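Note that subunit A is present in both complexes that follow, paired respectively with subunit B and with subunit C.
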Partner chain A sequence: MINSFTLDWFFITLIFSAGLYCMLVSRNLLRQFIGLEIMSKSCLLAVISVGSVTGNLALAQALIITMIVIEVVVVAVGLSLLVKNYRLTNSIDIWSLNNLRG
Partner chain B sequence: MTTSLLAYLLIPLFTAILIPFAARKRQKLADILATVTLLAGLINIGAILFNPANIANSFAGVPEDGFALLMIFVIYLVALCVTFFSAYFIGEDSKVNRVPYYSLIMTSVAAMCGIVIAGDFFTLYIFVEVLAVTSFAMITSDDSAKGLEGAIKYFLLTFPASLLILFGIAFLMLTAGTFSFENIKIIIASGMPVGPVVFAVSLILLGFLIKSGVVPFHTWTPDAYEGAYAPVSAYLAGIVTKISGVYAVIKISIMFRLFEIRAYHTADILMFLGMLSIAVGALAALRQKEFKRMLAFSSISQIGYIILAAGMGTPLAILGAIFHLVNHATFKTVLFLNSASLEKGAGTSDMRKLGGMEHSMPWTSWTSIVALLSTAGVPPLSGFWSKLIIIIALWDGGAKTYAVLALLFSVVTLAYFLIMQKNIFFGKPTEASRNAREVRPAMLAPVVVMCLLIVALGVFFPYIYAYLVETIAARIIL
Partner chain C sequence: MTYHTLLFILVATAAMTAVMARNLLLSAIMLALVSVGASLILFDFQAPWAAVFELSVCAGLITVLFVSAVSLIRNEEGKVKDLRARFYAMPLVIAIVAVATWFYGIPFFDSLKNCALSGGRNNSLGSILWDIRRFDLLGQVSILAAGVFVINSIFPRRKKQK
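For the complex of A and B:
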């Protein structure tokens, strides 16, 4: 089996930075969510790559499937919050969330 | 996973599924079902903890670890208080739908029990995420703009924590090949080089520090607590964020004790962050004008004590951290439920609009005094003993500067709470407080029970200390 561990981690870092960049530059809440999703995909890649290099692929696949299910639920709840917020304030700008301050 | 405690997870989950079917026609049935389930669980766990036979033979007949049992007791207690309180708090004209509200509370109780009985990091991660999902939904249960804003901030600022935990799990798989707490302890004890394992566990630790709201990562805490629906903020501050973050930090710090070289200074950083949260939380709470926001900063400050003791890592410090976690759950629930009572009775919890509430709401005033004195560490209430244990442990462990600073900021705690008490309950009645009425006795009952518990934990401290030493220190730390 070809050991692609280094190459894997090169791409994991790349995807993680892409997600981080997407979160940092955008003021749009939806794009922030997309950035978070991209970052979490890099985590899943990390787990599967580690599973392949340690010869634990079955365990890694089981973990990945569980993680995907969990993530779908979390993101669905996050998107529902976003939709509710859009209905109330008619805006998805992140700087409009400034009503709570002491 | 401790399979003998699984019933505490499964029964609330079953009730959560049952509520939408059973209470479709009659909404009142939802809170009856939830309260009865939680009360049954509380009596069950109480029969184990307070059984005279078990106390007499120093819990030799109870094989489970005492930390999990104690945490399950606190989870059921706080959840019962909140469900009982909100059964009367949700009015007829309220926007809150009882069925999903109680269903979510029961699911989160199940998730918290799952966290407590988890035996490996992956199970812990799954239940933490389940708990996070239920709390996002619970914060917005009254559909207010503030609640939504708090929930979105909570979501965006704590999601990176899950990413860190996932990366930590990946590194743990690479370096240790296992996630279970026991196996990691065996690997550390076997004496092989542990640097990479420490790195992996530290990533997970960082994730849980974000989830618990320690100071550099505390920005979501005040917003989420202030925006949340009033009884939900008591539930969040009292138990949810403590179990999802601080519990795991204490668990990891117990593990770190096994590293001979103090875990490459990770424990030192943990202590520094704890001290920073004590200072920043207390000083920020001094200048808050909104009751719930001030309590949120106070909560950050109290978490600081727990993290400071967890970073110290001696058995006495860990006992102090666990006892302070229990005490924090009791007195913070009382204070947040009182802020909810103020919203119900006077229509606001803003300190500038309130004053002289002790005449119209005497019970709320007195229970607040008990809780705030316990938070500030006044003997003989429970908070005094846990802070005393923490400070003695710090002094013994050689961190004398931290011990003195922790003592000084305890005085600041008393200062901001007295400012709050003076502004809201003492002084001349204002427009808002003249029209205020005391809430119904049923809503005062959970608060009064919690206050009695605060006094009892303080007065019967020798028994509590014996329990902590015999079941926690003797079994899992040493």
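For the complex of A and C:
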């Protein structure tokens, strides 16, 4: 019989692989961010799962709150760069981000 | 099947739908559903502070950011030539990952639980991080300020032309 922790981590692995797959196959910058968000969610669930098992829920919550703050800043800055890039190059394709090529 | 497992299945399904959806707006909404599911899981883990943060910030603010970005790049949405076959192949890839994890990952996760339990008893790092959390808060505020400055520098105020 599989215990709850192991089953949680099974699903966390699936969620992480979905986000990773999205980042690997998509050329759309916005989808890349969506993949990053999904991966970040799976990491969040991993932290709380381990925190629950070890009895360190307070520490896990503190780490998660820090993680959420950083996540928001990353997404806000990333999306603003995306919109700026769209205004400059009229494209959201990652292969168009080659202006700095030597 | 418990409520807890059902929530994990909901999050995994919403994540897969967010990846596979052709429409970017649907992807953003499915991402919000992933956040809602994650916050319900956090509530289920008796972690209400993190759950409220997750629900308000990730399901609320980040969704608004994504939806506004989608609306700003609306015309460009269909022009990026993503190979749709790769997205349709995703359930197969996830199924392969699931089977591999079922056979190889689960013994590892069992051992991981033992490691976590043995590491969790020696909680000096935890107490240090928790007791000296003022520095942590300072770091968070600096990161938020850095984000605001970056956005401000990317979108400068337009000067009126004479």
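The rule is short, and it goes like this: the second predicted complex is superposed on the first by the 99 of 102 C-alpha atoms of A that agree within 3 Å, B and C clash if a C-alpha of one lies under 4 Å from a C-alpha of the other, contacts with A are read in each partner's own complex, and residues count from 1 in each chain.
We take it that a contact is a pair of C-beta atoms (placed from the backbone, for glycine too) under 8 Å apart; a residue touches a chain by one contact, two chains touch by 3 or more.
Keep in mind it's a predicted model, so treat the numbers as computed, not measured.
In the overlay built on the shared chain, the residue A:56 is in contact with subunit B and with subunit C. By the document's definition of touching, of the two partners only subunit B reaches A:36; subunit C does not. When the two complexes are overlaid on their common chain A, residue A:7 makes contact with subunit C while staying clear of subunit B. In the superposed model, A:89 lies in contact with subunit B only, and not with subunit C. Here subunit B and subunit C are compared by how many residues of subunit A each touches, and C touches more. Touch criterion met: A:70 reaches subunit B and subunit C at once. In the overlay built on the shared chain, the residue A:81 is in contact with subunit B and with subunit C. Of the two partner chains, subunit C is the only one touched by A:15; subunit B is not. Within subunit A, the residues touching subunit B in one complex and subunit C in the other are 44, 49-51, 53-54, 56, 59-60, 63, 66, 70, 73, 77, 81-82, 84.
By the touch rule above, subunit C contacts subunit A in their complex via residues 2, 4-5, 8-9, 11-12, 15-16, 18-19, 24, 27-28, 31, 34-35, 38, 41-42, 45-47, 49-50, 53-54, 57-58, 61-62, 65-66, 69-70, 72-73, 76, 79-83, 86-87, 90, 93-94, 97-98, 101-102, 105-106, 109-110, 112-113, 116-117, 119-121, 123, 126, 129-130, 133, 136, 139-140, 143-144, 146-147, 150-151, 154-155. By the touch criterion stated above, subunit B contacts subunit A in their complex at residues 122, 126, 129-130, 132-133, 136-137, 140, 143, 145-146, 148-153, 155-156, 159-160, 162-163, 166-167, 169-171, 173-174, 177, 222-223, 226-227, 284, 287-290, 293-294.
Of all residues in subunit A, those touching subunit B in their complex are 29, 32, 36, 39-40, 43-44, 46-47, 49-51, 53-54, 56, 59-60, 63, 66-67, 70, 73-74, 77-78, 81-82, 84-85, 88-89, 97, 99-100, 102. Subunit A meets subunit C in the complex at residues 2-15, 17-19, 21-22, 25-28, 30-31, 33-35, 37-38, 41, 44-45, 48-66, 68-73, 75-77, 79-84, 86, 90-93.
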